[in-house]
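Two complexes are shown next, each including subunit A; its partner changes from subunit B in the first to subunit C in the second.
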Partner chain A sequence: MAEIIIKKNKIDVSEWYLKNFEILEQHNNGSIPDFIKTIKKISLQKLIDIGFPTQKVEDWKYTNIIQIIEKNFKPSNLTEYWKNSEIIEKSKRAIESDQIISNLSSLQLVFIDGHFIEQLSNAQKSQNLELLPLQKALKEKTEIIQNHFNKYAQIENGFNALNNLFFSDGILLNVKDNTIEDEPIVVIFIQSGEEEQIINPRNLIVVGNNSKARVIETFISLKNIPNFTNTITEIFISENSFLEHFKFQNESLSSYHIGKIQTQLEKNSNFTSHNFTFGGLITRNDINIVLDGEGAESHFYGLYFVKDKQHVDNHTLVDHAKPHCLSNEFYKGILAENSRGVFNGKIIVRKGAQKTNAYQSNKNLLLSGNAKIDTKPQLEIFADDVRCTHGATVGQIDEDSLFYLRSRGIDEKNARSLLVNAFANEVLYNMTFEPLRNKVSDFVIEQMNQILQKLDK
Partner chain B sequence: MPNESVDINQIAQQEYKYGFYTDIEMETFPKGLNEDIIRMLSEKKGEPQWMTEWRLKAYHSWLKMEEPHWANVYYPPIDYQDIRYYAAPKRRPLKSLDEADPELIKAFEKLGIPLEEQKRLAGVAVDAVFDSVSVATTYKEKLAELGIIFCSISEAIKEYPDLVRKYLGSVVPPTDNFFAALNSAVFSDGSFVYIPKGVRCPMELSTYFRINANETGQFERTLIIADEGSYVSYLEGCTAPIRDENQLHAAVVELIALDNAEIKYSTVQNWYPGDKEGKGGIFNFVTKRGLAKGKHSKISWTQVETGSAITWKYPSVILQGDYSIGEFYSVAVTNNRQQADTGTKMIHIGKHTRSTIVSKGISAGQSNNSYRGLVKITANAEYARNFSQCDSLLIGDKCGAHTFPYLEVNNPTARVEHEATTSKIGEDQIFYLNQRGISKEDAISLIVNGYCKEVFLELPMEFAVEASKLLSISLEGSVG
Partner chain C sequence: MLKIKDLVVKVEDKEILKGVNLEVNTGEVHAIMGPNGSGKSTLANVIAGKEGYEIVSGEIWYKDINLLELPPEERAKLGIFLAFQYPVEIPGISNATLLKTAINEIRKARGEEELDAMEFLSLMREKMKLLEMTEEMLSRSVNAGFSGGEKKRNEIFQMLMLEPKLAVLDETDSGLDIDALKIVANGVNLLRQDMSDRAIIVVTHYQRLLNYIIPDFVHVLYNGRIVKSGNKELALELEAKGYDWLKSEDKVTV
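Let's look at the complex of A and B:
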């Protein structure tokens, strides 16, 4: 356990991480490009200055991260379990048996403890699609990385800075102009769980003009021990392009997960995000987007279905910087047992961003007396010719609906399962990629049945 | 639209109607705040020892607190040592209004509270607070026949110490927040209402607050207790003269409703909002909270906020009794450089408690208007129900509208709904009215009034008329 020093709004970064960063620097031995060095230098100072957030910080009001900070997670850059063939084999089986991501696509990149595993990956090379591990790209595609890396994601808290310091691997996806890629790109991050580790995946996605792609990011773990995943994905979408992004947080129920997706949209582009949280003990997602070109469009869909003592916190920020943009957000939560959910959706409409349309809705279903939800939709509007709405609801399974189903001969358990599934499907229907939608829908039903079975005992 | 803008400019130059200053002899304390000032204040008011100690205790906890800055408002730092904490008209009317300074009576007449006349006609009992002291309470005897106590709080401290000691600070403790602590230490006067068991107050009780003197702060304290099965409707209005510097107003209002009691509290707040450049105006930092303590009790807040340079208040209800009801209806209008951060808190503790929130924000000019609300369902609040709706209307492209609703739900049987919309006045709506021969200004006033109707309907009759007039004045010239 690290000794932690808590000041009013900050928790000082522990010696542990500073020391490990020094070790990593020696380990890297100056083999990283200069611009990355500069980023690391700034990030280190920032980390020391701002530390980690306490609950006094408004954005972290409902999420207590002290238990993450006080653990000494070993940076995965300094471990070598990923080289172990047994673990690779185990990972392979885990992927094959995974209910959601198995057999989805021929384009697949796998990372164990943040390191790229070539034998499990299949990143075919094509003229118009550059898809390769970030560490490799740092050497081979320096230019594109220099242009986009760390340009969009600001350091908002210590975790972001930590990722800048320790980021291991991830993907660089560069979709060139006029490219339509129908095959989804599956990116799998696996925590081996051999030791209490922190992995810092880092992805960069750049989409050129008039292009289209689909990326599925998944996080799973092999063992049920405390691990920490701290990830950042930066996305840049150029004019008239479309990117659909999926994120599945399906790690073990003892894992900690802090993730950030930062997107920048140019004129007439479209970003659609589907964010699913099923695993993790504490999960925090920050999904931010800047609509920085006229006619840009963003759609955020989210579903969190948690149980046990899970805590899930979704923060989204939609920043309308230019006029004539549309944003739509729809998050649903199902909270069972002793779980706790937090939703904070913020929409900013900047001065001059006229003719903005922004919609946001968050609906929650509490399945048990000990489940809890704190939801805070937020609008900040500085332009007058706009149409913005938001709504939030919290409730339980409707007794009337239950009665209706039972009066038609459906037993209570099935009726409940049916109603929960219907609740979730409202979000899932927005997934245009059918094979994946069916898999997620089945997964939700199974989760629900597990919870109901537990109740029976 | 060149013609329209000329008209609008003319109207925009209309100034704050209540901005006069009444030249009456005042007795004031030196500036600054320390233990001596508090003792002096307490002595001046002839308060018992326990009250002095209560104030000092609040003062000491205030010293340890920091001024909060989380609200979405920006203002220059306040120097608490540069404020006079007591100002009173020198010739204080003791027995009847005839003894009052004629200037003072004139001032009240100008404000539209003809104390004399109301005695006879309106049937509204008025307690008027001029700067720091309560100058007149009408209709007192008549109310006393029913056992209703309606007097200034200073009087209540002397006459009904048991009641005051029992309830003062029970809903808003002196340590509640920075401004509540300050108020507890230095509050000079305010109203006290007690409605005995089973009594339905036959008339609307009303208080008029006015800041007159220079460099003073107004710190009034209102305490309303509705005993079992009683009902009271209470109105509050506020004005202040035009001054270049900012003045601080930090009031505390506490409401307590016992079993089956109902309190309806309506406010029309029209403090001086500052001029077009944002110079001067009142800082309105108020703590208002009601405790629905008994079963089936009900507390309802209705507010129309058009004045103040900065409004920072959250009339709240703690729903402690089972089946208790909390309501909040608000219209907040900001124009020019006004800033408002207002909303409510509904804390559901009892079972089957219900709350309704309807908030309508209108921002014009370069103002900023925020709704900030909390709905909290505690773990034991079975079958709690909340519905919130907050709408914002933007007029012009330099203003801002913000909503910060917090929903904290700890019980699965709760049903909580929140809805918010932000929009501008539809061009097709204006076109429709224009087409029927209604001018643009009138059309907008019609639409805005319609938009606020839900809240105005909750106001007592006289206030509803005043509120709708105020609304048109506040928004005049903001449309172009």
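Let's look at the complex of A and C:
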């Protein structure tokens, strides 16, 4: 366990990470571009200054991360399990049997412990679509990297700084102007679980003008041992373009996961996010967007379905920086057993962002008396001609609905599972990508059946 | 087919049914009438197996089976069906999903094979046509956004799909205009074409439904007891006189 020093608002970064960063630097031996070095240097200082958040920090009020910092997670940059052919084989099977991402697309990039695995990937190249591992892009696509990398995600906490220091790999996706890519791009991050590691995936997605693409990020683990995934995805969408992004947190129930998706929208562009949390012991998602051009539109959909002692914390931030934009947010949560959820939806409407339309809704279903949710909207409105609605609900399975179904001959268990599925469907309906929607819907039913089976024992 | 003996039921410490006796034989149609709050829905719900009622005493026998020991789904599998007075809206579950799941569970219990998608669809189409329902209702969520009349029609549609042995219709006529009333009554009468292993209990406030579904017996449930039983003429009498005259009478059997 790491020696850690906890102050009021800050947990000091442990010697463990500082020491490992030094080792990594020697390891890299100056092979990284200068501007990345600068980012790392600034981030290191920032990490030392701000450390990691305690629960005294408002944004972390309900999520205690001490146990994450206490563990000496080995940075995966310094491990080599990803080279092991058995682990690669195991990963291949895990992907093929994965309920969500198997057989979804011909475009697929796979990372084991944060390292790109070419033999499991298929990053077909076309003139209008650049899709390659970020590490490779840092060397080959310097222009786009210099223009966009680390330009949107601010360091809001120690985890973000940690990612800047230790990021291993991820994707660069550059969709050029006037490109409609129908094939979804699947990005798979696998924790081998051979050691208690931290992986720091990092992705950059840039969409040009009048273009369209769909990206599915998924996180899975091969073993049920404590691991830590600390990930950042930055997205930039130019005028009149559309990006649909999916994230699946499907890691083992012993994993820790801190993730950030930071999006920048230009004029008349559209970003749709679908954020699913099923796995992980502690999961924290920050999904942030700046609507930075008139006519921009964002849609945030989320579903968390957790059980056991899982803790899921979704913080979203929608920043209306320009007038005539629309944001819509709909998050639903199903909390079973002793699980705990946190939802915090912040909407900022900047001065001058007139004619803003902002909607937000968070609905929760508690399947046990021990499950708990803290849900909070947070509105900061500095313009006067604004339409903004929000609402949050917390409830249980409706007894009258249950009786109705049972009176039609449907077993209690089956009826409960149908009702939970119905609750989830309300948000899944917004997935226009049908093959994926069906898979997620089946997954939800199976998850529910597992929970009900446990109740029988 | 159904035998209810001295049934006393409490809800939240309040006695609602105060000793109900009722016998319904195979082939019969019974109407139960009575003022608001007299316990009609309570009786219907207890037959169907709704939780939250305290059965203080009494018995309910269905073909030699002690109903009170069974959960609602088992009762449904035995052929008991309740058309709800207030059908619930269940957003996120389509009518088609509900019916397909229900039919297959019931068929399974009867040792019959599950219906395949084609058989199921053609069966649904046939029944929907009888009730003058549009096919788009199949893909809509159960009762969600349905008008009062549509909900009642949907109950009868489900009934025709499930072909129950004992159907209990709780105020299926309320909220229906005259055309819808006829359609619903026709639906019930379809079930009535084969009463060889079937009985129907119709709960209603109004004689008008009984013009279309002519009952063999009429009972008055008043303040938790069946205070009067008779034939279809009793319904006419109630329509003319109201319930007040019953107050002065003790239990009378015509």
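In the analysis below, the second predicted complex is superposed on the first by the 457 of 457 C-alpha atoms of A that agree within 3 Å, B and C clash if a C-alpha of one lies under 4 Å from a C-alpha of the other, contacts with A are read in each partner's own complex, and residues count from 1 in each chain.
In this text, contacts are C-beta pairs under 8 Å (C-beta built on N, C-alpha and C of every residue); 3 or more make two chains touch, one makes a residue touch a chain.
Quick caveat: nothing in here was measured; it's all calculated off a predicted structure.
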(request) Put subunit B and subunit C onto subunit A via the superposition and say whether they clash or fit. (result) fit
(message) In the overlaid three-chain picture, which partner chain does A:367 touch, first (subunit B) or second (subunit C), both, or neither?
(response) first
(message) For A:378 in the superposed arrangement: first (subunit B), second (subunit C), both or neither?
(response) first
(request) Classify the contacts of A:407 with the two partner chains as first (subunit B alone), second (subunit C alone), both, or neither. (result) second
(message) Applying the document's definition of touching, compare subunit B and subunit C: which contacts more of subunit A?
(response) B
(message) Going by the contact rule set out at the top, does A:58 touch subunit B (first), subunit C (second), both, or neither?
(response) first
(request) After the superposition, just quote the angle formed at subunit A by subunit B and subunit C, using C-alpha centres and rounding to the nearest 10°. (result) 70
(message) Between subunit B and subunit C, whom does A:436 touch in the aligned arrangement: first, second, both, or neither?
(response) neither
(request) Using the touch definition from the top, say if A:87 reaches subunit B (first), subunit C (second), both or neither. (result) neither
(message) Just to be sure I read the superposition right, which of the two partners does A:117 touch: subunit B = first, subunit C = second, or both, or neither?
(response) neither
(request) Scan A:421 for contacts with subunit B and subunit C and give back first, second, both or neither. (result) second
(request) Could you tell me how near the closest CA atoms of subunit B and subunit C get once both structures are overlaid on the shared chain, in Å? (result) 14
(message) Quick check: in the complex, which residue numbers of subunit C touch subunit A?
(response) 48-52, 71-73, 75-77, 81-82, 84, 87-88, 90-93, 97-99, 101-103, 105-106, 109, 141-142, 158, 162
(message) Quick check: in the complex, which residue numbers of subunit B touch subunit A?
(response) 70, 377, 379, 392, 394-424
(message) Touching residues of subunit A toward subunit C in the complex: what are they?
(response) 398-401, 403-412, 414-415, 418-419, 421-426
(message) Which residues of subunit A touch subunit B once you look at their complex with the stated criterion?
(response) 58, 351-352, 354, 364, 366-369, 371-396
